[in-house]
Amino acid sequence: MLWLNGFYNFRIVGQYLNVFIDGMLTTIWLSLLCLVMSFFFGIFIALMRMSTLGFVWRIAAAYIQLIRSTPLLIQIYLIYYGLPALLPFGNIFDETQTAIIALTIHTTPYMGEIIRTGIQSVDKGQKEGAQAVGLNSFQSMYYIILPQAIANITPPLIGQTAILIKDTALFSIIAVPELMGAGLTMFSETVVATESYVTTGICYLLIYLLTLILSGYAQNRLGGTAWRSN
Amino acid sequence: MKDPIIRIENVSKQFGTLKALDGVTNQIQRGEVVVIIGPSGSGKSTLLRTLNGLETVSEGNVYIDGVNIVDTRVNINKLRSKVGMVFQHFNLFRHKTALDNIIMPQTVVLNRKRKEAEDVARKLLEKVGIPEKAGNYPDQLSGGQQQRVAIARSLAMHPKIMLFDEATSALDPETVGGVLQLMKDLATEGMTMVVVTHEMGFAREVADRVIFMDGGQILEEATPDEFFDRPKNSRTITFLSQIL
Amino acid sequence: MAVKLMGGMLEMADIVLAKIQITINLMPFLMQGLLMTFKVSILAILFGSLLGFVLGVVRTLGYRPLTAIIGIYLHIFRGTPYLVQLYIIYFVFPSFGVGFLNFDSFTAAIVSLSLYTSSYVTEITTAAIYAIPRGQEEAARSCGMSKAEALIYVVLPQSLKMMIPPMASIYVVIIKSTAILSIIGISELTRQGEVAILRMPGDIMFVYGLIATMYFIYCYPVLRFAKWAEGAFGSIGSVQDQES
Amino acid sequence: ASTMEKIVKSGELIVAVQTQGPPVSFIDKTGQRTGLVIDIMEMMAADMGVKLILQDYDWKGLIPALTSGKADVIAADMTPTAKRHMQVIFTEPVFFAENIVYSLKDRDFVSWKDVNKPEFTVGATQASSYAEVAKKFLPAAKLKEYSGGNPQTFQALVSGRVDAGVSDRASVSGLISQNPNVKVLEGTVNKEPLGFAVRPDSIHLLHALNNYMRLIRHDGRLDRLLDYWWNSTVWEADHK
Amino acid sequence: MKDPIIRIENVSKQFGTLKALDGVTNQIQRGEVVVIIGPSGSGKSTLLRTLNGLETVSEGNVYIDGVNIVDTRVNINKLRSKVGMVFQHFNLFRHKTALDNIIMPQTVVLNRKRKEAEDVARKLLEKVGIPEKAGNYPDQLSGGQQQRVAIARSLAMHPKIMLFDEATSALDPETVGGVLQLMKDLATEGMTMVVVTHEMGFAREVADRVIFMDGGQILEEATPDEFFDRPKNSRTITFLSQIL
């Protein structure tokens, strides 16, 4: 192992193991929370976007385009610094809450667009089948269309989740100590750059692999692949 | 004259510039079996779909069991559970097993207990002849089996009327027979049925009345014998000559 | 009362004038950043799309080892932050002692961002190829075309159209990722903005607002194009009701 | 070949700098890079008769740029800590930072020590020496570390996200001139030496740098630069 | 005995655990019209697809015009252009007009000049009866018209053999007639044809020989009269009883 220490010094990384583990745990739970919330709101945005009412889909479309056209970094700053300036009670959210809100607002449009294409990919006959047995619009959506749509869009959902996990790296700009912050702390103190950055990368990769494994499991359990013979 | 279960009054349906239905008027009695035939694009599916509100009409009224379903105040979902519909492409819920396809609408729409719904479902699977396929997903069933599940799913709602839109044309000839037999059984049990089909043998054997449509209009209606042996309308005559 | 109102309005006018002054002062500086962002992102998108397209096509050919290698490549690039990738390519590669790997900042930016882009494009290409019904390829091969000819003349022309909408969305993601390039000294838009903030820290929010506007001006047309293309050509997500 | 031989041969001195803000290194109103360390390096390159090439990096990129050979010297306000010495070599201190604490004017803090209470929160740049100072000298107060830098910490104070900020006197004076609602609390928390850094094997260059600093310190040129940039706000008139 | 144009020798095809073809042996003469019938899943399509190499065989040999297409050294693409195939779902190239659908394979596979290929294409469109639809895209053609273009596309390659896999079962009854007539014309012109169909009338009228398959095996083969009037195999008898 000693020869490897030339490239990657385990001893120094070992000193920061706790910092990395704390950062990873923070990143995981923040990502998980944002994932659940943005997925949930994404369903609403997708439904709004598909509405036939002009003012409803226009609002959704404007929100989607605006958020997607501007960087997350700036969205976080605007919410963190800008909100207190605009509202007297803008300070009610602390750093972690602000981070969660910002990333959820940022990810919801992406989720919404994925869910929308998923819904549109479900065969039209499925909705007619549901209506013909007397299910109302909400019931058709809830029992028939959404479960199939979600199973259809697992690949892009995993892709978006991977992006979401990496996006949490920006939280250190508002003092939320997550995984990237752990890497930067190690780097700043020891200035061993390769170890700091490679370790950070490996930790993100671990979380990503965890996501892949879990999503495979979830796909089997919830979506049920049994019904898709191909 | 008896009180008809379906009354179609001067119904028109416009798709853009196209008149898919053009002033259709008709009445269907309880227990009657009506077969609709006609060339492709003549409006058969559109007419059937207006009968359970899948298609809104542009003009006219449709009364099901005395209720005008064109009226927007009517709870169309409740009404739909009275009118079963079986599609050409089956439209089984792909993410549910055969059994769950039949159970789910009962629990959701009729608020039946799962236990009760399951009993109904299993009896119906028995009736359509595939009790052993309860656990299969639609993709694991042959076309004929899927169509049987679709019929069972409709029957589970205790409909007063069954609509069939080319229920056999996606099936291979061998399995057509079984599904047609099932429909015949329903007819003898006194179910009111409106059937769009290309199976002239079935029409002749089961129908109480045959309706011929073209260009969104009813051009001819008659008993099967009269229709097939002494068609009157010239369009009907051309159509029959090509198909038989 | 009126005087107070006047005073308030004057104050407002002062603030607005001050902001306009800042905007005018900073514009050339920020435009320089936008230009750099534009240059880097266009080149990376170009090279990344080409590489990703080739990899995506190769992945569908069914050579097991290649498919597996490309899969690992995708997971590594999608599973790690771009910052880490950029770092390794710019700072760690030179230690391998291979001359041409010693990139300058600009080359390193293009190389790393192209690789990052390609990981997304590969995924899109594969999905678009699989979205074309198998019958298309079979028909081509039945006419005597080779696998390559079927791909070039029949499958790819159809998939390319469907790739446009998701590609445009990915391009926006890539454009925004250029913000990270400041660690290797590329003066792109975010970097220029932050340098400007160091000069006028009192207006931090206003400057961030300006930066956001400039990203919007660049990204919004791309997204609009994606939306339009989705309507015109369909998207991978909206491929439906096709026989296979 | 040693780094110095390379410089002699190519006639270029490649210096990695950071744009951390006035007065150390920044872009002035005319769009020129300027500041204390820039002036020092320009002077040295001129005296050596070589061309000065400045490369601008983010803080995260500075040391990697040096160790990977993309630059010969880091000229920034870097604190030579023991751990950092294990990777690079620092010159003797070139100048000294006075770390201070600042807050909004309407707060009733007088000395920086008043902030050291559990009910107060201080902000500092993430993983910087300011954060170290806060941990060491204000252990009772809560600490929020912002990865953005001084302006972001400053903005956090203005937005009411923290009660006070930690930084050095020279950097803060630039920020305060833009926002008169902020005051520097009485007293200096501590003094920190700041130096330039080279790769461990660049011994010749290290001695040259040390020697040059001694030279300009004795002939008064360094003090003139320090007085202009570091110990006063005279520079603001020319560059803001 | 003459030299057969197709020789199938003990061909088996395994899908996982399923034997889709199970030791099929048969010979087809030049100019012969063979109709294959059998229940769903019996291996009809699979057999047809092995005849032009769309499906590789697990065992056995297939000789087309004396060349063993199982041999991996054979240029399967050249061979395929000798064997035309018409699919149930037409599989026209969706991004090309009717005319271009017929032109493109000629220029790509046979290296014909565009002018020459276009002449061939227009003549064939004339022959299949839709010269006026040359500029329409597949989406703008009815099912029957699409199937005619598909047949013309195959014929343009001057095949020696035409394979039809349920070429009419996706068509509505009224348009079936035209396509069957086209196939009859080909048969009278002396084209060798292998046809999978459920149209018993067509089989009786046009076939030189009828083959009945089930479970991947050929259970019975006979002249049409013999087959329909005096079937021998018990499985054939059940099948015919259900279908007629």
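Per-chain numbering from 1; labels A, B, C, D and E assigned in written order.
By definition in this document, contacts are C-beta pairs under 8 Å (C-beta built on N, C-alpha and C of every residue); 3 or more make two chains touch, one makes a residue touch a chain.
None of the values given here were measured: they were computed from a predicted structure.
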**Message:** Going by the contact definition above, tell me which chain pair has the most C-beta pairs touching.
**Reply:** A-C
**Prompt:** So which chain is farthest from chain C, going by the mean of the CA atoms in each chain?
**Reply:** B
**Message:** Let me spell it out: compute each chain's centre from its C-alpha atoms, then which one is farthest from chain A's centre?
**Reply:** E
**Asked** Can you give the whole-Å distance between the Cα centres of chain A and chain C?
**Response** 18
**Request:** Return the distance between the CA-based centres of chain A and chain E, expressed in whole Å.
**Result:** 51
**Computed distance of Cα centres, chain E from chain D, in Å** = 81
**Request:** Hunt down the residues of chain D that sit against at least two other chains at once, touch-wise.
**Result:** 60, 64, 67, 148, 152, 155
**Request:** At least two other chains touched by the same residue of chain B: list those residues.
**Result:** none
**Item:** Shared interface positions of chain C, touching two or more other chains
**Value:** 87, 91-92, 204-205
**Request:** For this structure, give each pair of chains that are touching.
**Result:** A-B, A-C, A-D, B-E, C-D, C-E
**Fill in**
Within their complex, chain C touches chain A through residues 75-76, 78-85, 87-88, 91-92, 120, 123, 127, 169, 172-173, 176, 179, 190, 204-205, 208-209, 211-212, 215-216, 219-220, 223-224, 235-241
**chain C residues touching chain E - in the complex, by the definition given at the top** = 133, 135-136, 138-146, 149, 153-154, 157-158, 161, 243
**Fill in**
Listed in rising order, chain D residues that touch chain C in their complex are 19-22, 26-29, 31, 55-58, 60-61, 64-65, 67-70, 148-152, 154-155, 174-175, 178-179, 240
**Message:** Give the list of chain D residues in touch with chain A in this complex.
**Reply:** 59-60, 63-64, 67, 81, 83-84, 86-88, 123, 126-128, 144-148, 152, 155-156, 159-161
**In the complex with chain C, residue positions of chain A that touch it** = 65-66, 68-75, 77-78, 81-82, 85, 113-114, 116-118, 120-125, 153, 155-156, 159, 162-163, 166, 169, 180, 193-194, 197-198, 200-201, 204-205, 207-209, 212
